[in-house]
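The following pair of complexes shares a single chain, chain A, combined with chain B in the former and chain C in the latter.
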Partner chain A sequence: MATTECTQVDVAVLGAGPSGMAAAIHAAEAGVDVALIDEHPQAGGAIWRGLANASGSRRQTLLRDYPDGGAMLDRLGAAKLRRIHAATVWEVTRDRVIFYSQAGVARQLAARRIILANGALERPMPFPGWTMPGVLTAGAAQIMLKTSGITPPGPVVMAGSGPLVLLVAAQLLEAGQPPEAIIDTTPRGNWKRALRHLPVQSSARQILAKGLKLKRDLRRAGIPVYRGATDLEALGDETVSGVRFRHRTHMTTLNCSTLLVHCGVVPNTQISRAIGLDHVWDETGQFWRPHVDDMQRSSVAGILIAGDGGGIAGAEAAVHSGRIAAMAALDGLADVSETAFDHERKALARHKAIRPFLDTFYAPAAEFQRPGNDTIVCRCEEVTAGQIRQLVRQGCHDPNAVKSLGRAGMGPCQGRYCGQTVSRLVAEVRNEPVSDVGYFRLRPPIKPVTLGELASLTPDEARNDG
Partner chain B sequence: MELDATNTPKTVRLSFEGTAIEAPAGATVAAALLAADIIAFGTRPVSGLPRGAFCMMGTCFECMVEIDGIANRQACLETVQEGQNIRRMPPRIPTKGQGDGDD
Partner chain C sequence: MMARGADVIVVGGGLHGLSAALHLSLRGAKVLVLEKDYSGRHASGVNAGGVRRLGRDLAEVPLSVEAMKLWHGIEQLVDDDCGFTRCGQVLVAETEKELDLLRTRAASVVALGFDHEEVIGASELLELVPAIAPHCKGALVSRDDGAALPFKTANAFRRKAEALGATVLTGAEVTNVSHADGIWQVETPQGRMDAPVLVNAAGAWGGKIAGMTGDPVPLEAHAPMLMITEPVAPFLTPVLGAAGRTLSFKQFDNGTLLIGGGFKGYADTDINRAETRLSGLTESARTVQALFPQLRDVRIVRAWAGLEGVLPDMIPVLGRSQRWETAFHSFGYSYHGFQLSPITGKIIADLVTDGQSDLPIDPFAPERFV
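Let's turn to the complex of A and B:
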């Protein structure tokens, strides 16, 4: 029979991507009692997904793109800590109790410190037709490739902007199913604005060189790129059959069975919001992020933020912010080396140096930030931009009022794919900055939980675990 | 479609709406359905239009299916199992303006 009493640990790390793994390893190696909780069956996060159980040539391919992942997984395997996989966290309290479900049974875990390492999710990209089956995110295709070696049904067309578009296109090419075309929606004026942020550090130059090589590979493969495309629209009766867009002066239509879309990533703030941590609007990155100080501490004592969940900086930076968060978490629990701390801080700054350039260069197009009235914004409840604007004009002056009256953000995804757009639309109609408009107030459970799972929290000798 | 010819994984057999499909062991249910060209996983609650996998990382909840009789499973978070029985879920509410709704 499963027990449901509350387990106690020193440090609980939520999320087993690069930052969570780095934080958990660091804390465990310092000798404290650590639990690492993740929703997926294997550690690795989005970036090292599939690596833990890949073998043969797929492992080789994955390791070539993400060489650090292998060593990190080995080190995690050797570390003495509690690993809790395939666990869905649905509540975290301010006094640091974590509620999660695993195989249909709810459990709780109390921690002296919590490190949130929730990573990123793809920025909402509303455009006409984006709710049709067959429209997937670029990240979704990458996850399929990494975990299963499966490519989405072809012909595939990609649309949007950001480094991931290039990377996934190259990975599809290597998998033998290159995209038919890339519809590049990066606004034409972005590069000029980005130039002044052009970084000089060698680590940043390496990233730029990697991007240019990807572009070259795709050009050599003969994949057409429609630059500066606008007015993107997915076509189809029930599932996607094509895509239409404006390129230069005329409209172009391409056939496809899968349309992969992407316009950058944003921090996954679901848990940090539900706890009630302070959040700030990041104007450069165009996203909400939890407030963190230079030791990755949030606004609530004992809760720290690591990795992209605290602001987008990429996998390499995430490893360092993870270690910094672990060091800050260990304060009062174990000895922390000042030298090691300085080393991590410098490394983090180095990896972050390219962000202003990338964020400005790939700033998403206005049509995805403030979509047309007929475009669905809330996918779960099918609420359009026009309905939201109307609600704001009728007196819904903040996202929560829009949610209460218009149902936007009330579906199972709980605003993950509409929250940012709703904030923007309220800001647009009210002519206020997004930072003043705020965001949905999120309440637990942050993921759907069954009554059976809730009931399993009650100690009950008679309960039949099956 | 298989990426990896030199590292052929074991195949798992499952069914979707009673039709047999095959998938590489270790694949997620959502990836297995897409690999079998099954794109519509269910219907949207308001319009009744089809919905399908979108994010593949457990955040959008649009790939929810019934697996072995249990509703609301996120197909992108479940690993394929031999003999698994996958079904679309009935619509949450009947389609508006239609007396009998969808079934």
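Let's turn to the complex of A and C:
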């Protein structure tokens, strides 16, 4: 039988988005042995997706939105490190062995330090009809635009809330296929609550100015915006053909072939959960995130968190938290400059200053967090919110009991799309805070792995028999 | 507190505790179940769900046969089908030598007066399991055995026990047990609970509770592991094991395959956690590949481990305390308690209410380790 030997490195970085690239570059430039592992064929993460092999006008467009990407990719290209692309990480142990598959072959890598730079996922947005073909996330549409310049079949309507709705609408406009309308589901009361967090820092003002400019561009293009919309529902038989919602006092229906939805992003905690790191419920951001200290260290020694995977703060902040994580990871392996460390920390704080405002302003509507009884919550196993509420009333007071009995979260996505909603629904029925209710225990493999891949492996496990 | 005034306190809200609570409640006892997590959190809810008489320790066979009768009418007992299917159980022999051992085994079961196990040859095995690798020589089968859904079963037992008047207190970890003036005093974070009779059904923690009642047993916590695949087209009806390998293999109605058999993960009862061990999972994957090479590209979507109490002789502790007339034990089912659960509660109820059981439970006495 074939066996793969276990490679050893000083620092393994999981994820090659802004934070992972920054961390890997920093560690490699400090002279330690670094491996950068990513699921995609090129570095860049979601934000710089497609930049590595874009040329001509598309490269110009991509760079205009995120100018730092080009320089970062160049610097990564010059750094001396192992780059492992198109790799699916499916198991990470607490004693820092990483198992992944590449082109159908399972491999393992042992690291003295691991930096998790897993980025963000779009917040699952359950509403009636959200599982129908033709309903996509705004992020998915953006990835298609970035990687291949393809726009989704029109007419396109966008629904939801968050900066990405504006950005993708503007990108579609530029690509020659503007959305027919934007159904803005940002709750009306958010604005007032957010005002007291209105930031004064210049970096934050730049972000706000960027947002206001996008809004202006969309208004000039004549794209109607339905503010404060509620009761969102996708219509159609086999695929989506329209969308219905309440605007002010009456119901409105629009025709569409694609409905792009979005209500913010949340940390991708699949790997941090699977390792068993401590997590906390972030009330402002309305998401779970791994616990990190001011040096980006997790609750397990030798495992660090960089970027949005540790809490949503955006690409610029991710670069700084990536470098901080690298510096903390280098502790004991290479010299770390206190001055550089302080510089990064201050920069990170600057970029984070706008978060309370954005998080409060774009806090998702209750209808997407605690959907109606008929709405599917778990897409893999087709479990509705009503079935979950019923299970809780029957005595399943823990998300894991709901999973065991109701199958929500048992599919191949391992709860990526339903985990947060299940916690929310348990909390709602039990009248308890989400933080007390907890979350699914995630099971290995983090991503599916074939029997053949598993069979080919002889794991290098240091632990004694338990 | 309403909990005071119970006739019986059951420590452990897993299947054996709930079964005891159910059968005691049927006889009118007021039962309080103390569960430190939630019902079915550990072995009861996450096991492979095999409802199997096949291949059991001979001491367990009479109990297993009685339990099977209850399984075949499980809906009458708990008002829920528990996902039970009578799909049969098959233990495959890959060599003539293994087949001979299975023949000997079948004969010893017959000698006890039971006829549920029979040996079949290679051609009949191919009829039962057409996808099996061609080198297999035959099998030991038990046609009326089957499988059920563990968490659904644990939940059904809990709901039925509650419907009959039992109280299941969750988040109630037992921290101490003492006996004074004919009353068991059981300490939990939710206060002290009192009752004249105590049943210890604490699974992997059963040894700890038995220590408190003066019945020390050498219980170890193990973390048997299971894996499940994505759905594939139906090809396997019975639950399948292998005489010469560590394997339990079955296909659910939704097409997913359950792979287990007893490879161990990491067990830690102190931190209440069982973790998978990759080396065991890879071994398990190799076993499946050897018997079903065509499954090479099927994807594993989930693997897990559960905490199980295991005794050195691989059979449970089931019976009265050697020290107290009013304390009873039902734990340490050593990887195969699921099928027995409907009958173990009845045995406990018999012991509590009549002082004896009709079934031969002497081999399971706690004092056997003294």
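Basically, the second predicted complex is superposed on the first by the 454 of 466 C-alpha atoms of A that agree within 3 Å, B and C clash if a C-alpha of one lies under 4 Å from a C-alpha of the other, contacts with A are read in each partner's own complex, and residues count from 1 in each chain.
The rule is simple: contacts are C-beta pairs under 8 Å (C-beta built on N, C-alpha and C of every residue); 3 or more make two chains touch, one makes a residue touch a chain.
Fair warning: this is a prediction, and the values are worked out from it, not measured in the lab.
For the composite obtained by overlaying on chain A, chain B and chain C can both be accommodated side by side without a clash. Of the two partner chains, neither chain B nor chain C is touched by A:V437. Look at A:L166: by the touch rule set out above, it reaches neither chain B nor chain C. With both structures placed on the common chain, the touch criterion links A:L451 to chain C but leaves chain B unconnected. In the superposition on chain A, A:M144 contacts chain B only, with no contact to chain C. Rounded to the nearest 10, the superposed model shows the Cα centres of chain B and chain C diverging by 80 degrees about the centre of chain A. Within the superposed three-chain model, A:G411 lies in touch with chain B and with chain C [touch as defined at top]. The larger set of touched chain A residues comes from B, when the choice is between chain B and chain C. Of the two partner chains placed by superposition, only chain C is touched by A:F99; chain B is not. Of the two partner chains, neither chain B nor chain C is touched by A:L116.
In the superposed pair of complexes, A:L136 makes contact with chain B only, with no contact to chain C. By the touch criterion defined above, A:E91 reaches chain C but does not reach chain B. With the two structures overlaid on their shared chain A, chain B and chain C come no closer than 5 Å at the level of C-alpha atoms. Common to the chain B-facing and chain C-facing surfaces of chain A are residues 411-412, 448. Taken in their complex, chain A has these residues touching chain B: 39-41, 46, 53, 55-58, 86, 121-122, 131-137, 139-141, 143-145, 147-154, 175-177, 238-240, 257, 268, 379-382, 411-413, 416-417, 448. Within the complex formed with chain A, the chain B residues making contact are 1-4, 6-7, 9, 23-24, 26-28, 31-32, 34-35, 37, 39-41, 44-47, 49-62, 64, 72, 76-77, 79.
Partner chain C is touched in their complex by these residues of chain A: 1, 91, 93, 99, 276, 394-398, 400-401, 404-405, 410-412, 414, 443-445, 448-452, 454-455, 457-459, 461, 463, 465-466.
The part of chain C that touches chain A in the complex is made up of residues 37-41, 45-46, 151-152, 155, 158-159, 168, 170, 223, 229-230, 264-268, 273, 275-279, 281-282, 285-286, 288-289, 295-304.
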